[in-house]
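Presented below are the structures under discussion, each in the form of structure tokens.
Across the two complexes that follow, subunit A remains constant while its partner is subunit B and subsequently subunit C.
What follows is the complex of A and B.
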């Protein structure tokens, strides 16, 4: 068995591959680096796969918490792992958009399926899942409800600021001015999409475009990104787990390469 | 000849603790220190005036006082200089020279008068059309103006012989540094990214003649060693390759710097002086002849093609563009360089950095990802 662990800023993910390179375990826990989320999610995935730690031949860790996790054989960045995970799902992608809790990344893939270029946000939360978490709190809704709310939007409300803190003030002003929660939610999605579009242009992104990371679970965000990039953006299977799956594929490959 | 490891340790220690190093050189030589802002500052004149020229390349400090003079989006190196002028770090400097070479520096040459009135400032302006004959004449006049101000501040006359002697010492330094960066590329494990940076930076806090002698000894000693091979070789471009923690991350990922296009490093010493003319004319000639420098007007924009040449010559694996926040001239150049690198199929990593970074995890991910691509 081969384990891929993705320790993000707000969630931990595990993927397990068997000897036939088939996914036999997939688990997510909404607790990120610095918490016991990784142990919880490992237990979940092991139970799902029906394996014990003794069955594991190789482990690769990725994500924001990769440097501090000591239980892996090696660590690889989430940029390489998301590309590998996307390839595993047989996506014919030339560009991957990965929006997680703390980072937004645009990854360009070459003809051989390797990462040829990438761009990621600076340390501010603009254009990330954290931005949407803050917006959900201000709009007094659950993060998972943002998509349905935004889909009901009937009017364009522009959230112009790319800074999460300023955007929060801007959203409060919009609500005070009587704008609907749905319209403001849509405006927040568009603000993230514009930010990501800038990164997409910077790496000279090109279609087909797929999306990974937890924010890909937000259907309206996919719509806004498609509108902004003027191409269809498709979420990969298990988008939140793409990094962990990629790490598991690396674990599989590294183990077999070492055996040769 | 001393052990090369001890010589390297000596220089890296100088660069790692500039304040202590400058105090030591003042004590050792009996000379006073004179500050030299970036870039293309006529250090030779400061040296000829009997001062120790001290490079002012910012540093780690908490920006509190400088906000009174500079907006949040100004070059972080220059902002740190103002902060350190205000908080007393530069109290021992007898004056500063500020070249008005970018928008921020133009403003700072005025700001300094009010921010640090106890430290006299000598501004110097360079011509945009630097290759015409009149530009040489103009620059010589500017140097004469700086000379006069230095004489006024020091109370000492600077003779042409002293300027010629100082220029010879600096030419010797520049030649030694050109050789050093070539030789260092053959020893990327001994001279890793941080060591390379600190050795080059030490020149800003020492007597140049003494520094050059040490560098020559290091070169001679290195040449005796078997050549080394780095896992990944890169060429770096930008204003400076700081903070040094980033260089440690390069080394952790097996990345060595085999050539540079940095203002703090090769742009300072890569252009040979002309054979003819006085020292001041030769100093002007170096600025006129400099190619591919972000801060000197050049409609042909040789920077990208020069980087490609360095990449090929050193058989490098990629190029890293150090973008110091918020250096406009470097930012303006980036789209041009990026396009040229894409056309040439050269991997390029854009690293936005500033000297006050506390958290390096995002930069670590970028650098590691770049290494994984290569």
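What follows is the complex of A and C.
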């Protein structure tokens, strides 16, 4: 068995591959680095796969918490892992958009799923999952409800600030000016999409474009990104787990390479 | 055999100390002291025996000692925006606080400005001149849009050169000695030649030079090009590196291999020098060249004043995007680069505003992977360790893939 662990800033993910390179365990826990989320999610995935820690031959850890996690054989960046995970799901993507808790990345990959170029957000929460978390809080809704809310939008409300803190004030102003929660939610999605589109253009992104990371669970965000990039953006299967799956594939490959 | 030769490291430390001590002494003796922009025509000042301090170099030293925030807070408290160059904020703060643990410098009797490195320096020096009630001497350097410095620019700068000498004669009450100027020009040319020769030893694979040493030695290239001792310093450093190279030694200790060779674009993160260096070294990444140190490879013919003013206009910071792309692509080949590291330096608008386009064009031409990271030359609030490491590690993974694809090491 081969384990991939992705310790993000706001969630922990685990993927387990068997000897035949088949996914036998997949689990997510919405607790990130510095919490006991990693132990909870590992237990879940082990139970699901019906394995014990003794069955594990190789473990790769990725994500923001990769440097401090001591239970892995090696650590690899989330950039390479998302590319590997995307390739595992057999898609022909040339560009990956990964929006996680505190990072937004645009990754260009070659046919073999190797990274050829990438761009990441600046030292700022604009364009990341954190931005949407802040928006959900101000709109007094759950993060998971943002998509349905935004889909019901009838009117364009522009959130122009690129700064999360200022955007929060801007949203509050919009709400007090009588704009609907739905329209503001849509405006927030468009703001993230515009930010990511800038990064996409900077690395000369090309279709087909897929999306990974937790924010890909937000269907309206996918629509806004597709509009902004003028191409269809498709989420990969299990987008939030793409990094963990990629790490598990690396674990599989590294184990077999070392055996040769 | 005479007495044992001093190492270049010893010479550098001694010269740096002497540089600042000389300025303090000049001030104490009532001689004029100048604060000068880093790529200004120091030949004139040196020939007229004017003590010079370079605020950019001084700010970098303050940054490296991790005390820049005190000065930045002072400047920002007096109304200077956080978006202004942090060298300017540190120096403007110093002009008020007048003491730094890293290094004290005398206040200037005039400022010597050359705008061939950016536009910010103009307003920065104007404000210093106004605050301190001292003259500002300016050499305006037209930006070079074309492949060559136009003849009209050379003529214009030559007239300015003569005018500046007259201004300085008035300020100091001394006459310029053309013979002495000729001598200083010879020395400066020689120092620049050995500066270039030393860091060019990194062409060898593996490089005997660790790129962060280049950032350290650059202090002498900026502040002391006109001194004979500087020629000796760079020649010694060159000889040491050449010897290392001939012995097959890499940039670090034996056993610490150079696995990847990268170019560092932009100024160092002086406040995070150790982190930026150690993270790269951890992955076997050596900075073998940079677009930045080459700026002080200021060369011209013997007593060639037209050539001198031209040299100060035709360096990297005063040139077009096309020049930058050509230059970086040539460095990529010459230094056999595996990757390029772009420091998106919040302070430096000149370098940042064109960086995205340069990245795009250089990648299209060379196919070399790159990454950029956020940082600042002396404002420690911009850089993030974890973000830097993720970007470096991801670049390493891409470089490794490319090497494997090529069947390399």
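As a convention for this text, the second predicted complex is superposed on the first by the 258 of 260 C-alpha atoms of A that agree within 3 Å, B and C clash if a C-alpha of one lies under 4 Å from a C-alpha of the other, contacts with A are read in each partner's own complex, and residues count from 1 in each chain.
The rule is simple: a contact is a pair of C-beta atoms (placed from the backbone, for glycine too) under 8 Å apart; a residue touches a chain by one contact, two chains touch by 3 or more.
It should be emphasised that the depicted structure is a prediction, and the values quoted were computed from it without experimental measurement.
Superposition of the two structures on subunit A leads subunit B and subunit C into a clash.
In the superposed pair of complexes, A:68 makes contact with neither subunit B nor subunit C.
In the superposition on chain A, A:204 contacts both subunit B and subunit C. Contacts of A:39 after superposition on the shared chain: neither subunit B nor subunit C is touched. Contacts of A:114 after superposition on the shared chain: both subunit B and subunit C are touched.
Within the superposed three-chain model, A:79 lies in touch with subunit B and with subunit C [touch as defined at top]. Residue overlap on subunit A between the subunit B contacts of one complex and the subunit C contacts of the other covers 64, 67, 76-80, 103, 114-120, 122-123, 204. Every residue of subunit C that touches subunit A in the complex is listed here, in rising order: 344, 356, 359-360, 363, 369-372, 374, 382-384, 386-387, 389-391, 393-394, 397-398, 401, 405. Residues 64, 67, 76-80, 103, 114-120, 122-123, 204 of subunit A are the ones that touch subunit B when the two sit in their complex. Residue ranges of subunit A in contact with subunit C, taken from their complex: 64, 67, 76-80, 103, 114-120, 122-123, 202, 204.
Chain contact summary for the complex, subunit B toward subunit A: residues 342, 347-348, 350, 352, 359, 361-362, 364-366, 368-369, 372-373.
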